[in-house]
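Shared between the two complexes below is subunit A, which has subunit B as its partner in the first and subunit C in the second.
On to the complex of A and B.
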């Protein structure tokens, strides 16, 4: 027998206690929706998981009204310390139910259980713990001596990290004293609904968090509702643009976290084995459904062939398959629609003359699958080097000098993240300084920490999530705050972004 | 200038570095190896450690671990009786289950080699290449003033030659860590070449040479990578992590790094070098992580006694307990396996 064909090690779904049908979570209760319900399916098998309510405009209205009432009557009057207690309680409950949440996430989203178990859910707990600590310290958040909450926050999140994006949105909003109406993505509502049960368990006052499931129409009704004070959106640039347009002039505070086409830059003095791991993690983590994915690999010409060869042999060891198998590295594509888009762009890549390569791997018959793919001989003008594919597809480009690497990395309408691989510290700092991206990873990739701000430049959106900066998105400046222009001039002097090096993140593990 | 001093023209080094082998060319080559990022390496090792090896895979892994063990006793208090007892355990690891495979080798001090050879009798590999399941067992001897390596070269060579003459199939030598850390790579290199020569038997064949890097004393991963290449270039058949006398002994990241060196050497020359993590691997669970790391780094074909070994003593009994659990469905206890 072959040892490498590890025997199946499936995580049991017995831990889940799912209802056949879920309503909307409004004012602390699950309530039926006015609209026709829809099925959420497992992308790995296409089997239905549960029936989900489709929130209409009237439902959104109810949810916003509940949030408004909770804001006026309870949450905005509660002390920061007490708000913090609720957040700590939520964080602990997430930890207690971690396995259940991980299984549900993998089932509904298609991501490998090892990622939902080791990355998503622990980060969710970390986010709530982190912002729980901020709740009674808002005057030190850097937005003035007496910062005030905004009111009702409308939050719309994507399907790639369903529960984690929920945590990124809800934790800072609640810590800052706002109430929330959140719409999870149409294809991945399950963990948000389990999270609603956690809120009930935590005895969070009714209406502080409301969860309205549905599709694009529901989201549109939510962000355009006249009684919301804040809109936070993570998703595609096209939808982000539409939201920016519709909220313009309404006085709603807006943060957008949109697409990306990150450059992962590998210099010839990189720690090569770790760089290969970083490239793999950069683009194949979560099937490449990551807005900050390192989808453009920029390799110094002198080591290009060696890197590609090593990368290919590393990809041979990736295990694609059942998301619930503990040994799976790459799971299912989230939806048929997304799979079609990945296929289309890959075919365009081939047609434009790039060389396509995938390791030999057997894909399951049912469900939505796409083998990890590398394109070499990619030019900067190819569509696969310009457009966000949002799938396990890597475009490899080369460069000769640091200046060329910087120019190519910045030559994109996006600016969310970038990676630099080099053993030379001074080079990392010099290059990072010139990259127009919100997050820059040095000798690592796709590392997240609640204390670090995350967000984009240019078409990748605006506003920051995480850290002290993430709070500012949910607060009104209090007395003694710097004027907007003073903040901006200071920001320009030292770009508001994170250079995460491993030595700094390591201590936080 | 000592640095321009010529070093022994070991065949591998000449092929890779060219004819004019000096301490300077050797140093330039080793210092030019790509760096190792500590956090990234440890992360990769940790992620390999999360593989879930169950049912049939676990059964295969447990048997293979036994077949890869160098069952070891390296104590000042060792006696011929203790060595005979160790050999008996190597031959019949589990008295209650004759289907249990035999270990790859017994590893003893040089003066104990004759007793080990005698006790093994027909089961002694005696220079033959062993395969899993053939029932043959090698005798490995530690040499070169193990574990510190602090003796003059003639003493180290005599120590080696003596063990080979007594019938040792494998020699586990230690490198001069003092010289390595002070940058005298040529000295370390020459010593390995000389010890390799001392492994030559009367008939011209060689005892297998395992080079112990003592990674716990080398301290940085960059040093471990350089020492791995140095040992391979000088002619080592195996690179081994530790003596077991220094903490930390074998760790998964260090072993992964050494496997990467072996993989890169194979990519470069087509030649296969063995790896032996030793010391500190006590549980089946840990040992399985090493098997996974080997298979996913250099490939499954390395899971053979001539390319991978565990230097361990207490590991065997834990594997036997796990094996019993797999066949009987319940855990027994320490009294259901024999002490050696």
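On to the complex of A and C.
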């Protein structure tokens, strides 16, 4: 038995108490859907887990009506202090049921249990705990002295971090005083439904959070519902664009968290051991199903060969397999559809002349699997250097000077994240200044924290989630609130203002 | 004593620090409130708009890379030069808008004061909009606002100077560069403002002023892939929802139309609308 061989150590699913079938969570109750249902499966085995309701337009309408009623009658009238206490309760309940949520997440999504257990679920609790404390301090959020909630928030989340994305969306929305209708991703609805049970245990007033499961059509109906005041979406840039078009002119406040093609830049003076771990974490964390994944490795030419060699030997030790096994590093690809996309782009990478390499690893027979893959000899025009693959596939490029690294890193319509590896602080800060990306990790990668804003430049979307800035995305300046300057100019220069108004009126006539 | 025969000014565009005519050779008549001829303004074309975007893009690096103190001083310098030219602005406002001399004076006063207010924000905005983040781990973590890049603006249409200043100044504060389509009916003050900018140490290309038809020019700017943000403050009479839809193609940041005398009122939100929050994490050694 070599040091890499372990006995299987699967986390037991006995902790789960799943229902065979879930309805929609509307107005505080699970209700049957008006339309069809579908099965959610484990991507590691393709075995069904539970039957899920496919929300129709009528269901969405019901959910938005419940959210509106809860907003008008309860949530917007409740003190921030009391809202905060509900969020604290939710944070505690998530902690109490953490293991159960982690097992359900790995089962439904395919991610390794060590990630759902040690990253996703703890961050979910942290997110609610962080925003709970904001609920009675909104005047410090940076949107003026009299901030107001927006109303009903429509939230559509992806399948890569199902429960964590739910927390990113719901926690700040509720803290700011909004009510919510959330649509989980089609392939990963399970933990959102367990979360609905947590809301019942927390005794959250009915209608404050509504969860409508379904596919793209359900999300479209939600986003386009006329009684929605805020739309928050995390997902592909193509769908983000569609939402930006369909909400144009409606006055709905919009936050979009879209795709990425992050550069992870390794300078020749980088701490190599840490950099290798950071590169691996950057692209193979969560099977590379990460919008901010470090999918383009830019290595300084003088250390290119050494870094690639060490990466390969590190990849030989990654354990791909059962997501519920505590020793698993890389789990299952979330869906057959996503697997097809990863395969297609990887084949294109080979066809375009890049060199493909994967460690020898045995993939399970059933389920959706893709071995960790590295492409070398990649040029900036290759599709694997331009398009988001959203899988465990790393494209390696090289550079000679910092200026070349910056130019290559910014040579993308995306701008979500980037990494810099160097022992020289002044170089890191200078390069960080020039990278057009919303999150930059220096000598680390893929770190998330509720206190830290996250979001993109350019076609990676707009708005921030996390931190004070993430709260501001769910607030507006209250009526009567005006900037210092406007107040001053009104007070000091009122005669002139009067003249000015007349002149404008005259012009309009 | 002979009577002086006046030398009227040719109003051209202000692009890349120079005053070119429209490449199309087109002009349109600007008239006063009674319909009398005032001047021929250049009627900018799609090509002029694209040239302006090229100039604005080229200026982003220098302007956003300047120190905030330096940007603040250059913007303050603009207010100084504006003040020195106030007689000309007042005269043009009276002639274009048909308002009284005191109303024109009030408009110039407010335009200068707003410009000074925004100039002072250049080296303070990041302190108010950014912050340190207390993350759970050994990391230095800082969020700061950065300029989004090239901002295209449809200036308020009912005001010759104040509306223009109220829309352009906040976009410049954080380090963005601007392509602005002036008021179609009152474009002369915009070109005179261009003369102020050209003599205020503002680097070429940081502000580019187009005169002509907003309905013709705005669609090209809204769909231009090298424009990062679109301020539709003066676009209420246009098919502005179509402009917003066009802007969605490259996920531009968009500000909607505003009407009335409070359009583009001074606010931090106007500066923030054209910034991106960048968050940098850096490891701390375990010692």
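The rule is short, and it goes like this: the second predicted complex is superposed on the first by the 477 of 509 C-alpha atoms of A that agree within 3 Å, B and C clash if a C-alpha of one lies under 4 Å from a C-alpha of the other, contacts with A are read in each partner's own complex, and residues count from 1 in each chain.
In this section, contacts are C-beta pairs under 8 Å (C-beta built on N, C-alpha and C of every residue); 3 or more make two chains touch, one makes a residue touch a chain.
Just so it is clear, the structure is predicted and the values come from calculations on it, not from any experiment.
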**Message:** Between subunit B and subunit C, whom does A:444 touch in the aligned arrangement: first, second, both, or neither?
**Reply:** both
**Request:** Tell me which partner A:277 touches in the superposition: subunit B (first), subunit C (second), both or neither.
**Result:** first
**Prompt:** subunit A residues in contact: does subunit B have more, or subunit C?
**Reply:** C
**Prompt:** So, does A:469 touch the first partner subunit B, the second partner subunit C, both, or neither?
**Reply:** second
**Asked** Of the partners subunit B and subunit C, which touch A:114 in the superposed model: first, second, both, neither?
**Response** first
**Request:** Please indicate which partner A:249 is in contact with in the superposed arrangement: first for subunit B, second for subunit C, both, or neither.
**Result:** second
**Partner chain in contact with A:100 - subunit B first, subunit C second, else both or neither** = neither
**Message:** Contact-wise, after the overlay, does A:327 reach subunit B, subunit C, both or neither (first, second, both, neither)?
**Reply:** first
**Item:** Residues of subunit A at both interfaces, subunit B in one complex, subunit C in the other
**Value:** 443-444, 502-503, 505-506
**Request:** Mind listing the subunit B positions that touch subunit A in their complex?
**Result:** 34-41, 43-44, 50-58, 60-61, 64, 260, 291, 295-296, 300, 303
**Request:** Using the touch rule from the top, collect the residues of subunit A that touch subunit B in their complex.
**Result:** 1-9, 114, 118, 269-274, 277-278, 317, 326-327, 423, 443-444, 502-503, 505-506
**Prompt:** Any idea which subunit A residues touch subunit C in the complex?
**Reply:** 126, 142-143, 237, 240-241, 244-245, 248-249, 251, 256, 258, 413, 415, 425, 428-429, 432, 437-444, 447, 449, 451-455, 457-459, 461-462, 464, 467-469, 477, 482-483, 485-486, 489, 493, 496-497, 499-508
**Message:** Using the touch definition from the top, list the residues of subunit C that touch subunit A in their complex.
**Reply:** 33, 97-100, 102-103, 106-107, 109-110, 113-114, 117, 128-129, 131, 133-137, 139, 141, 143, 148, 158-159, 162, 228, 240-241, 244-245, 247-251, 253-254, 256, 260-262, 265-269, 276-283
